[in-house]
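Next come two complexes built around chain A: one with chain B, the other with chain C.
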Partner chain A sequence: MTIASANPEILSELDRPNSYIGKTVPRPNLERLMQGRGLYVSDMELPRMGHLVFLRSPHAHARIADIDTVAAKQLPGVIAVVTGKELAPVITPWVGVLSHLKGLKSAAQHAIAIDRVCWQGEAVAAIVATSRAVAEDAAEIVRVEYEELEAVTDMRTALDPATPVIHPSLGDNLAFERNLDAGEVDTAFAGSDEVVEADFIFGRHTGVTLEPRSVLADWNAAEARLTIYQGTQAPHMVQNIAALHLGLGESQVRVVCKDVGGSFGIKVHIYADEMATYALSKLLRRPIKFVADRVESFNTDIHARDHRCWGRIGVGRDGIITAFEIDDLTGIGPYSMYPRTSAIEANQVVNLVGGPYVTRNYRARARVVFQNKNVMCQYRAVGHPIACSVTEGLVDLAAAKIGMDPVEIRRRNLIADNAYPCASPSGLRFELLSHHAAMNKLMTMMDYDALRAEQAELRARKVHRGIGIASFIEVTNPSAAFYGVGGARISSQDGVAVRLDAQGSVICQTSITEQGQGSESLTAQIVGSVLGVSMERVRIILGDTDNTPYGGGTWASRGAGIGGEAALQAAKILRRNILDVAAAILQSSPNELDLAGNAIVNASDGSPRMELRELARIAYFRPDTLPPGIQPELMATRHFVPREYPFAFTNGVQASWLEVDTDTGFVKLLRHWVVEDCGTMINPQLVDEQIRGGVVQGLGAALLEKCIYDERGQLTNANMADYLVPMSGEMPDIDVGHVVSPTSETELGAKGAGEAGTAGAAAAVANAVNDALRPFGAVITEIPLTPRVILTALGRI
Partner chain B sequence: MTASVLISLEVNGERVDAHVLPRLNLADFLREQLQLTGTHVGCEHGVCGACTVRVNGEIVRSCLMLAVQTHGASVQTIEGLSDSGEVADLQAAFRDRNALQCGFCTPGMLMAAQDLLKQEAEPDRERIREHLSGNYCRCTGYHAIIDAIEITARARAGGQA
Partner chain C sequence: MKAAAFAYARATSVVNALELLGTHGDKAKVLSGGQSLMPAMNLRLTSPELIVDIGELAELRGIAVTGSIVRIGALTRHVDVLKSPEIAANAPLLTEAIAHVAHPAVRNRGTIGGNLAHADPASELPACMVALNATIVVRGQAGERRVAAEEFFKGIYATDLSAQELLVGVELPVASTNSSYFFHEFARRQGDYAIAGLAAQAIVEKDIFTKLRLVFFAVGDRPLLARAATKLINVSLTPEVLAAAMIVLGEELDPQDDHQASASMRRHLAKVLLARGASALLCRPDLNAGGRA
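Let's look at the complex of A and B:
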């Protein structure tokens, strides 16, 4: 572990002279995005393209008695109006379960509802027209007769015998349950000086990608081939699923992913309306484009975090935590999402609670129930914000109970930095974490003691500021343990192919994808460093199942750690191959040569021997001049998947400094700090910006964001005016620091960084609000912390 | 349906004559009829700012304006601002500061930022945050965007170019 960037004396492939590894360099793809010359799916048009609009159910639960499409079909410009029944012969239904989540059950879901709708917003008919406006006009005159059914909306009563069962064939509304009992929990609580408990309540929220989900499906009947242009995080997964349900071979499906206007896990799933788009293209034998509008996004993009979690913690007067116990309940909508399932979030909560701490005593129950609301599934930092808020909320409650400083209680309980490798009570294996080093760094960055003094001084003047601390762990670099072992065709390995072109530049195809994180940049930085080629001479190709190696894509904080390692290994092979050819040409030996500055140089003194451009010219156009037996192989491919550890855990700590207006209930965020440890940083600026963006998504959850359903299952704030997202005016500056503990599972040593910010931000804010309100004796364990919630806790309303 | 209407306007310095339906909004007109797809559509109800363009020198939400309202007007989109070089320094600062990730909000952000910098020589961070408060970015958390605009403002005000 190192605190600052190291300056190693022995140069490896990664820290060669002029290496891009560890350097802040601009991303290569920014210019087109800044000039408005990107290509998002919503920008694309194809000849004979039809625009698709869905008619969606206004009811949360209803039987479809009749659909009358006659008038709509007669509207000029309408190409087709297709019901679920009419589309069913083209595409098969699916069930979102995985075998390693024992007992997980769900019902068959169709691309378009056939005889029953199970949430407000489920599609009941597809209207295809020459323009979107005409399709919307036609949707208004499709007549659907519904028989409304009782909606199951409250997760707390979903399992009551009196509550209707949404899918009678399943027997009850319980999708999944997991129980864990580790150590001696009852004994530990009995022996604790203090035991504190609380109910933690989380608002259901959603990703709100600025570009809505968009797909353009192009079935070429003559080639019997489907090309899907889609903003997705996992092109090969889409290829597999589309082929499976359309009765095609995977070779008949190509998935192309150009620029993507935000993903955050929203675009890593397969949605029913996307399936319908693929199927309609096949049915109508023409390109079909579907772009969700904002209301549709709120009603159909996956939601997340709708949890109610009871928790308790035992603590000694010395501050030592004796045990954690939780009982988590979450409502996921009417179906488990496909193909990643909707049990993962609750499963992660069970896995992660108590994760940073030493205690071995931990009991957990998680229950996942069906409801007639939009589906829930994996969104950025899956389960982490729940687990972190519960854990860190309990730790602060315990500290307050025994009168200990929140930092001190953490220092007494965080796993020691020299205790690795070790495992958590839930079985998570930690290779190397740095909780204490991170906390120490945080204290310095925020000047904790000075801030406490300022807080006390302001409190005397009735200004109520609070400091909130949240330590966290984060799952990154998932192996096949995440999905593959459960039977999902979601690859955990990634591949990279690197080749030298005829002018000595490099073309690199990778199976990870880009949605703005910097996948292109980090790949180019790694490849450029190993090959001694300047970044502008490295071209990255991604997001195309026809033109990249097979792999998982970009999700679960895996792009840099897994895709980056594959890039490193592929580039090393190409480097060796280039040096072999160079040695033959220069009558030298590969060991005496090196690559630097787009040229072959002497390893000893770096003096130039031959431009890479010249080597490429000889290899491609004058191979006759090479010695006999020399066949240049100027393309190399390598794949990588972690095998030793199921996940590469990272860690970190966040702090929030804020002010609560006790008259209005408004919270003003003043500053936010994060120290995190993602191992080797390929581009520190990109890491910092991932952290900052992630933090703000967590701040939205903490203060603003909530999908508000009424008792009939109607989403009442499905627009951006009523569903509040973080805007620039309310967000603080965010300071980011690092501890660096590379994983030794890879040569690169990189772990993921994309979700750390989101994991702990809400917990830090909630703890800070409670810290601010301590003089009032108010404790709040519910987010979002709206003025109403705060004023209610203060007894003001 | 009401018949289409002929409008004449200037878009990025070029004369455009077009037949448009009265209900067509400016964002869809720019994107679908003129293929100026740098203007993005995020919410279609005037909240997210992704569709921000300039009409007669003022920034507007092009999803809230009808195409027919631009008859006789001068419209500038991100493509025009990029080609003229007007925001080249701002774009360079965004690039150096990685003030964009997915890039979907960026054309609107640049429009709003340039609008502020034309009005005020050296706005502070709070003022920049306030002026951008109608432009939603889900990726960056805003910090880097504020930095990039602050750097540009200082440079334009006569600091280091």
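Let's look at the complex of A and C:
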């Protein structure tokens, strides 16, 4: 595998002699996690803690006629059995809508179902016991009498008049619709030499975090305060929502987020069972722990990507794309998820289709419908894989129609690298992208022409290999435009506080969170670089609403770009303050001094003047020796939020090289390449691993992952044997290259990298499979590309 | 996902294990490597009253070659079969097949006896036992009995074993020097249960099969010793002969539908395996045309 690293020449003043910026250094939390000293919610035990198990509905849609908890309550070890009706006085219901998504509607959702269950897996009763095993024993003897109702499962018929309306008060099953018409679409299609269309089908899938959702809620009646230990991406959001629905002030809720075993957007939402856990702690006045097991993770962790999207593209014989048009349909389950809503994914699809390309002619409709399945919401790369697969699938179809190479057609249509700033037909503003530079780099990395020759030579020997290309754009560093403007109390700014301790080490509190992606590392690298302090002397504190600045957390590829900039600015203030004190001590001026190697040095020649620890000693213990009037301020705080651009778009291109066994329909991934542009890279290895991890999740979607529901709304593969996640045995080498176009909105210049891999991987694979199958005349626009799908398309079965 | 409460007994001898099974019958479950039983219990798909742990019965562990027989004790772990030079020399089909049984973590704990007694129709090992003409050795309180592998597997998770009996080992005839074997399976991911698989043992003389046992798995409720093989024995193999055998195979298979494959897809994949197996065993690449455009 080759790793093409960042070009360090692009780095500005951050590229100091002892800078960690742009350097691969081990993450500071590695040793702790590798030695098994991580602290996850399931590791925590509190006195009098009760273990919570939910009894969940076996039906997709049913009225709850009666719940008999008498026998369960008598089982030794059972602390309480609580129904939705009994919990309702403690916690209010919620409606997952945002005002900027016009027309979005949803129904009130309760922590535990009261009269009716709307998906298989919705909780109907909570059992609290001295152990999880006892609670499961008790759950088996709670008797629930259901009256089954007709389940709405097929999104295609959800809006038919004959289909029952899941929430009668809403009038119909349409949660949200968005229409967009930009440019002269009809004229453009009429003037096209060729128009190609296809239906793209995406399997519903889910995030499958290694650590399941986990929460421990501890209501302290004496303090009238709730402490929530939870693996979440957004502690302050959880604080706000828990307080709001429990009737508390935010100061009465503390959210502590220790180690988290993966999140991928799964852990950025408010789940009914988590709300029930908070409420039960308050009701029962004791600590309550809920750790989802794998089966309930599949049934209740948000699903994503269940879309059917018709699309068409117009193209001239010269390869110029004239227009895109899409009609997207998605089923989101019975409720719009709280508080980020389940309309964002479809909204993103509308925003992003055609995004890398020049054409101004674009029409889109997206409809979001309710159904009796588990809820869908934002999962890594929200909407991007749909938009990218549709766009890139259509571009390849157009290329095939006019007999043009897939790379050539892209080169003729990608927005020129010198055309920025500009905007997409859907109104997205691009500050600076690098589609052509990325494509050029990709061609070199994969030796495209040689690969095409190899493909032709193998094809003659009946070995069917394919090359798939997918250009993409990615939303990162979101401002308040994402959620705040719609009324959600989800902060888009982040804060960092940095302080020098009495021995010259640094303590840094940040509002971004760590779920394994390296937030701690990037923060320590930035702070250490600015302060000239070695990384092992920088301690990062995160994930605690009592002990960090207020901020959004880590989601939507924002940690480095927003939290990193706040860290940079806070460290710069502290640096200035340190140099002020140093200048006073050394009878010098701050401009003549610098920080390097844990010491004050001469700016001119780097020669050491004073250890930082000595400065700290004087400032904290002998301030009497300082000149009159000097008050050392060795702690600094800064917050940052993007103000110029609603989002910092990134771009990139992926390629897949694979082989299809046309007798069996099995696909073997041979190699995968990604070139992406996330601006300044703080730690290239972390960026590369984010890309690779993202690609693997995209490859899972392309070939393996699907939540399979039957027509009655039963999830039939809710286990790790039947729901196929990608595993190392099937993964190809993934080569990652970079183009670096820093954003000028920040001094750091970093954009996000967390979702780029997932955005384009499935599109590249689908295009490669179709490329391999070209001699057979088969075109497949459905993922996952299972052997059955491929054999069916080939007419073999 | 916690097992319901159960009683536990660690058997001190085979006789002791049989006494416990004799007393508790189908309310008891034998714990060997635990790789199928423990997940099923944690999912509460099964809730035995008593677990009879046979893990300490060293007499059931090990591989021995005596004359023309290879004996494998029931408690022999997959990893030990995989790494055994005796198995590689005398039953190389098994060495190759067992590498497809799940992942190292499972192979480090799982046992051959547990696998065979569990009788998952998608498992590799029952098919290998039939292909290798193995004898399953079963002990009950009345004594020992020996069952041909072909007769042992009765359906999905169903065998000839009664609730009072213990599978103590298997016996394989040492592979003759002129025999050859073929193993292949189609699984979505490495280590997954197969969608369709073939374990084959053959004797080839002058490019002609004189003996051929083709055993398909994951395409029915138990390993299928294919009659189609008879079409391939003692004939000069041509594409026409192969096509005729495929027709017979298609008729004798009764595959199931599931998430991974429809019945017709399994039938198709079994035919691909037949062609690839015959082609490989005879070293005749022409018989396996590959992807046809």
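In this section, the second predicted complex is superposed on the first by the 784 of 797 C-alpha atoms of A that agree within 3 Å, B and C clash if a C-alpha of one lies under 4 Å from a C-alpha of the other, contacts with A are read in each partner's own complex, and residues count from 1 in each chain.
Just so we're on the same page, a contact is a pair of C-beta atoms (placed from the backbone, for glycine too) under 8 Å apart; a residue touches a chain by one contact, two chains touch by 3 or more.
Since the structure is predicted, the reported quantities are computational estimates derived from the model, not experimental observations.
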item: Dominant contact partner of chain A by residue count, chain C or chain B; value: B
item: First, second, both or neither for A:E211, with chain B first and chain C second; value: first
item: Which of chain B and chain C A:V407 touches, first, second, both or neither; value: neither
item: Partner chain(s) touched by A:Q685 [first = chain B, second = chain C, both, neither]; value: first
item: Contacts of A:L33 with chain B and chain C, given as first, second, both or neither; value: first
item: Chain B versus chain C as contact partner of A:A398, first or second or both or neither; value: neither
item: Which of chain B and chain C A:P787 touches, first, second, both or neither; value: second
item: Chain B versus chain C as contact partner of A:Q515, first or second or both or neither; value: first
item: Which superposed partner A:V601 touches (first chain B, second chain C, both, neither); value: neither
item: Contacts of A:V196 with chain B and chain C, given as first, second, both or neither; value: neither
item: Touching both chain B and chain C, residues of chain A; value: 133, 293-294, 719, 721, 726-727, 729-730
item: Interface residues, chain A side, partner chain B - complex; value: 26-27, 30-31, 33-40, 42-43, 133, 207-212, 259-264, 293-294, 515-518, 685-686, 689, 692-697, 719-721, 725-731, 733-734, 757
item: Partner chain C, residues of chain A touching it in the complex; value: 131-133, 136-137, 140, 293-295, 462-464, 660-664, 666, 704, 708, 716-717, 719, 721-722, 724, 726-727, 729-730, 775-776, 786-788, 791, 796-797
item: Of chain C, residues touching chain A in the complex; value: 1-5, 43-44, 186, 188-193, 195, 259-262, 264-265, 268-269, 272, 289-293
item: Interfacial residue positions of chain B with respect to chain A in the complex; value: 21, 23-24, 31, 36-45, 47-48, 50, 77-79, 82, 91, 94-96, 98, 100-107, 110, 125, 128-130, 132-146
